[in-house]
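For reference, the structures are reproduced in the following blocks.
There are two complexes below, and they share chain A, which is joined by chain B in the first and by chain C in the second.
On to the complex of A and B.
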C-alpha cells in the first residue's frame, strides 16, 4: 500500500466520521422540530403554564432561564475580565502566567456537576442561601467563569502587539492603555466569550436543578431567596411523566425553545467573532 | 541630551549591547546603522523603556535623557515616554478616524474644542495637512503607507516629545514617501533630538549630522569620511570604514 492509497483511506475515514456527526446533528435537530412544533401553538411562548405544565405555555420558565443567565453574567463578567486584565496587563512573571492559563483550561474541562456540588455546598449549605435564583446564578457564574476567562483572554491576547506598543509609546498609563486600547480593540472577542458562556449556562441543568429552580408555584421571584422556574427543570419534570402524552409534547416544545435560545446565542457569538477577525485585519 | 554610561543590555543570557558609553547632543540627527539583529531597535527601545514588558530583558549601567536616569526605580515611565517618542518600522494607526488618531495621546490633556487646532498644527508639521484636510473624518487605515507613517509621526508630535526615536521609519515606504519623511525630519531637527535607525548607508549619510555604527554590541562613530561608491554601499563597505574593522 503506497502513501497515496493510505492518504485516500484516511480521507475516506475522516469523511465518513464527519458525515456521521453531521447526520447525527441534523437528525437531532429534525426530531426536535418534528416533536416540538406541535406544542408551538399561538400562546406557547407567552402564556403561563397550566395543569402542572400539561397545558398552557412556558412564559415564566423562559423568563426564569433568562433571569438566571443574565444575573450569572453580571456576577461572572467582572471577575473574568478583571482576572484576564490582571493576567495579561499587570502580571510580570511568565511562569505564573502559564500556571494560571493551565489552571483555567483544567477548570474549563471539569465536569460541571462538580461545580454544582461545590457551589451548592458553599452557597446553599454553608452560607445557608437555600434554593434560590441568587444561589443558582452564583453557581452558574462559577461554572462559566473558566469559559469566559479563556475566551476573553484569547480575545485580549489576539490583539496585535503593535497596538499595545503604539499606545505605550504615546505614554499612556496602564489604566488608559486598558480603557482606550485593550478593551475597544478586543470588544467583539469579549462579546463572543460572553455569548458562549451564556450558551453553556443555558445548557446546564445539573448544577441548578436543586439549587435554584422549582417546577411550579412561582412566577417571577419576589425576593432574593425565591427559586425560579426554568426551561431545564420544566423539561426534566415533564419528561418523567412518560405515560402522559400532553406532558411529553409540552416537554418537546420547551426543549425546542431552549435549543433555539442556545442556537441564537451561538449564532450571535459567531457573528461577533467574524467581526473581530475583520477588525484585527485592518 | 542622551547619555549612555557603561550601559549593557541582554535578553536572558544573550548580550545585545555591551558597556556602551557615549553621548548625543541635543537638536541633532544621529543615524544608527548596523546589520539586521545587531541591536539597533534594542538601543532605541531602552530610551523609552519599551522593553519593560519583556520578562527576560536585563540591563546594567545607566542611560540618561535630559538628565533623567531612565532606568532608576521610581522614574515616571509614562512621562519619559511622552518626552521620548518612538516611530516604528511599520506605521500602526488605530482603526479610527484621522483626527482621533492624531489626538490619541493628548485626548485627556487638552479640551475637546482644541482638538481641531492641535490636529492641524501637527499635521502641518508633517506636511500631511493639505492631503487630508478634507477627509479628517475618514478612517486612518484608508491612507497610504507613507501617509500613515507621517500620521503616526504627527500623533507622536502632538504629545510634545523632545526626543524622536525612528526605527527604520522608511523601510516599508515607496521612494516618494521616503523622500518626504527624510525632508520632514530636517525641519524637525531644530526642536527635537532625533535618532534615526536605518540599514541604508546612503540614507544615514545624507540625513544625519553624525552616523554611528553598531556592531557586536559596540557603538562606534563612523569617523572615516566616506568615498561614495558608484553603486549603493553594501554593509561590508560600511564596516570597512569603521576603525578597527579587519579588511
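On to the complex of A and C.
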C-alpha cells in the first residue's frame, strides 16, 4: 500500500515538472506579448527609429534582418544542396562520408561567436568586405550550412528505393535521375531546411554584432560595403540601457517582432515537413 | 582530398560535369569547416608563442601587458557546470514522464513545444534575463548586483532544457518494448520499470544528451554576456559574484581588437580553447547518442 502511494507521489511530481516545462513556452510568449504590445503603436513596424532607438519604430531594423536572412540563404542553399547530392549520389567511400557527417555535426555545434571572429577576419579583412551586410550574410551562410544539409539529407535519404530503381530501369543518366526524381521528390525537405535556416539566421546576434551592423544612422545599404541595422543588435543595445524605461519598452517591442518572425518560420517549416512525411508514405 | 577523386571516392562517375559541380560545393563546405579550425590555430600562434602555457594558466588579462585566460576558462566551466546541475533533474523528470506515461499524441506535442523553445533566440533570453532574472536574483538573495555567475548559469539551464529533454526522451523512447514487457511479466510496477529497466538501458543516450547540452551552454554568447557582469577574475567558491565566460569575453572585446595585434591573437586563442572544448564534447555526445539509437 505504502509503495503504491509513493509511486503515485513520484508520478504526480514528475507530471507537475513536465507541466511546468511546457508552461515555460507559454509564459515566455505571455511575457513577450504583455511587455511588447504597448510598444506596438500604429507605425511601429513602418517608422524609422528616433532618438537612439528610444522612440519611433523599427522599420530599417526589420528590413536589415530580412536582407541578411535572404542573402544568407542565397549563399548557403547551393553549397548545402550540392554537398548533400555529392555525398549521397556520388561519393562511394563510406569512411569519407562518415567524416563529412562528423564535420557537419561539429560545424553545427560550433559557438556562433567563433563564426563571427573567424568570418570577420576572412571575409571582412582578407577579402576586404569590411563591416558590411555582405560579410554578415556570408558568415551566417556558413553558420546555417549544417541546418540546411541535415534537412536536405533527411529528405533525400527518405526517398523510397523503388523510385531510384524505376529511374535506373528507364535508363536515366545520373544527372537526369537527380533532376527528374531526387530534386522534385525531396523538394519539401529543401523548403523545410531553408525555413529552419532562415529562423536560425534571424535569431542570431553574436555572429553579426561586430561584423555586419552598426547601431544608428543607417538605413538601407547603398553599396556592398555598407552595414545594416538589425532587430537583434537593436535589442542588444537597448537591453544594455536597462535603467532607461523608454529603451526597454522599445526593446520588448522589437523582441516580440523578432520572436514572432522566428516562430512563424519554424511553424511553416513544420507544415512542409508534415507534407514531406505524408508524401513519402504514399 | 583532391587526390582521391579518381576512382575510390568518386566511383565510376568522374566524367560527369554535374558531378564536378557537386564535388566543388562539397569542397567549399569542407573548406568552411576545416578552415574555421585552421584559422583559429594559425591566429593563436602569436599569443601562444609570447605567453606559452601561461596563456591558459595566467590570472590577469591586462591589454597591452599580459593575457591570462584562466578567469574566463574557470567562468565557463562553473557556469556550464551549474547549468547542467540545475537542468538535469528537471529534464530527466520531464523526459521520463513524456516517454513512459504520456500517450503518443501528447508526446508529439511536448516534443513540438521543445523544438519551438529551442528556437527562441539567445537575445530574447538575454532580454528576459536582464529584465527579470538579474532583478530577481538581486532582491531574493539581497545582493548589490544581480549580474552573477549564478544568474548566467540559471539562464543557461533554461536555455538548454529543451535540448537535454528532447535528446534524453529520444534515448528513453528508443528502448525496445520487449524490455518493458519482460519487466512487467516479473510483476514490476510502471515506475519501477521506468527507473530500473528503461533508465539504465538508455544511459548512453542520456550521457550524450548531457554532453551536447553542455556544448551548447558553453558556446552561448549573447544571453550570458548580458547577465554575467563581465568581470575578469578567477572566481573562488562563491557563485554570487560577477564573472566572465570565454564567449562573453569575446563578445565584449572583439570590437576593440578587430583584426590585428596581440590582443586579437589573444582573443583568437580564447576562441581556439572554446572550439576544442565544444568539439570534444560534441564528438563524444554524438557518439553516445548514436550508439543508443542503434
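Here is the rule we use: the second predicted complex is superposed on the first by the 265 of 282 C-alpha atoms of A that agree within 3 Å, B and C clash if a C-alpha of one lies under 4 Å from a C-alpha of the other, contacts with A are read in each partner's own complex, and residues count from 1 in each chain.
Throughout what follows, a residue touches a chain if its C-beta (ideal position, glycine included) is under 8 Å from a C-beta of that chain, and two chains touch if they have at least 3 such contacts.
Just so you know, these numbers come straight off a predicted model, no measurement behind them.
After overlaying the two complexes on the shared chain, residue contacts for A:172 are found with chain B alone; chain C is out of touch.
When the two complexes are overlaid on their common chain A, residue A:94 makes contact with chain B while staying clear of chain C.
Looking at the shared chain after the overlay, A:110 reaches chain C, while chain B stays out of its contact range. Of the two partners chain B and chain C, more residues of chain A are touched by C. Shared-chain residue A:162: touches chain B; no touch with chain C.
Contact with chain C, but none with chain B, is seen for A:255 once the two complexes are overlaid on the shared chain.
When both complexes are overlaid on chain A, the residue A:246 reaches neither chain B nor chain C. In the superposed pair of complexes, A:226 makes contact with neither chain B nor chain C.
Comparing which residues of chain A touch chain B with which touch chain C, the overlap comprises 92-93, 173. On the side of chain B, the complex with chain A involves touching residues 48, 50, 53, 55, 78-82, 85-86, 88, 90, 92, 94-95, 104-105, 107-108, 139, 141, 152, 155-156, 159. Residues of chain C touching chain A in their complex: 4, 8-11, 13, 16, 18-19, 21-26, 28-30, 32-36, 39-40, 43, 90, 93-94, 96-98, 101-102, 110, 112-113, 115-117, 119-124, 126-128, 130-132, 158, 161, 165, 189-192, 212, 215-216, 218-222, 226, 247, 250-251, 254-255, 258-259, 267-268, 271, 274-275, 278-279, 281-283, 286.
Across the complex, chain C is touched by residues 3-4, 7, 10-11, 13-15, 17-18, 21-22, 24-25, 28, 31-32, 35, 78-83, 85-87, 89-93, 96, 100, 102-107, 109-118, 120-122, 124-125, 142, 145, 149, 173-175, 178, 199-200, 202-206, 209-210, 232, 235-236, 239-240, 242, 248, 251-252, 255, 258-259, 262-263, 266, 270 of chain A. Against chain B, the residues of chain A that register as touching in their complex are 92-94, 162-163, 165-173, 176, 180-181, 185, 279, 282.
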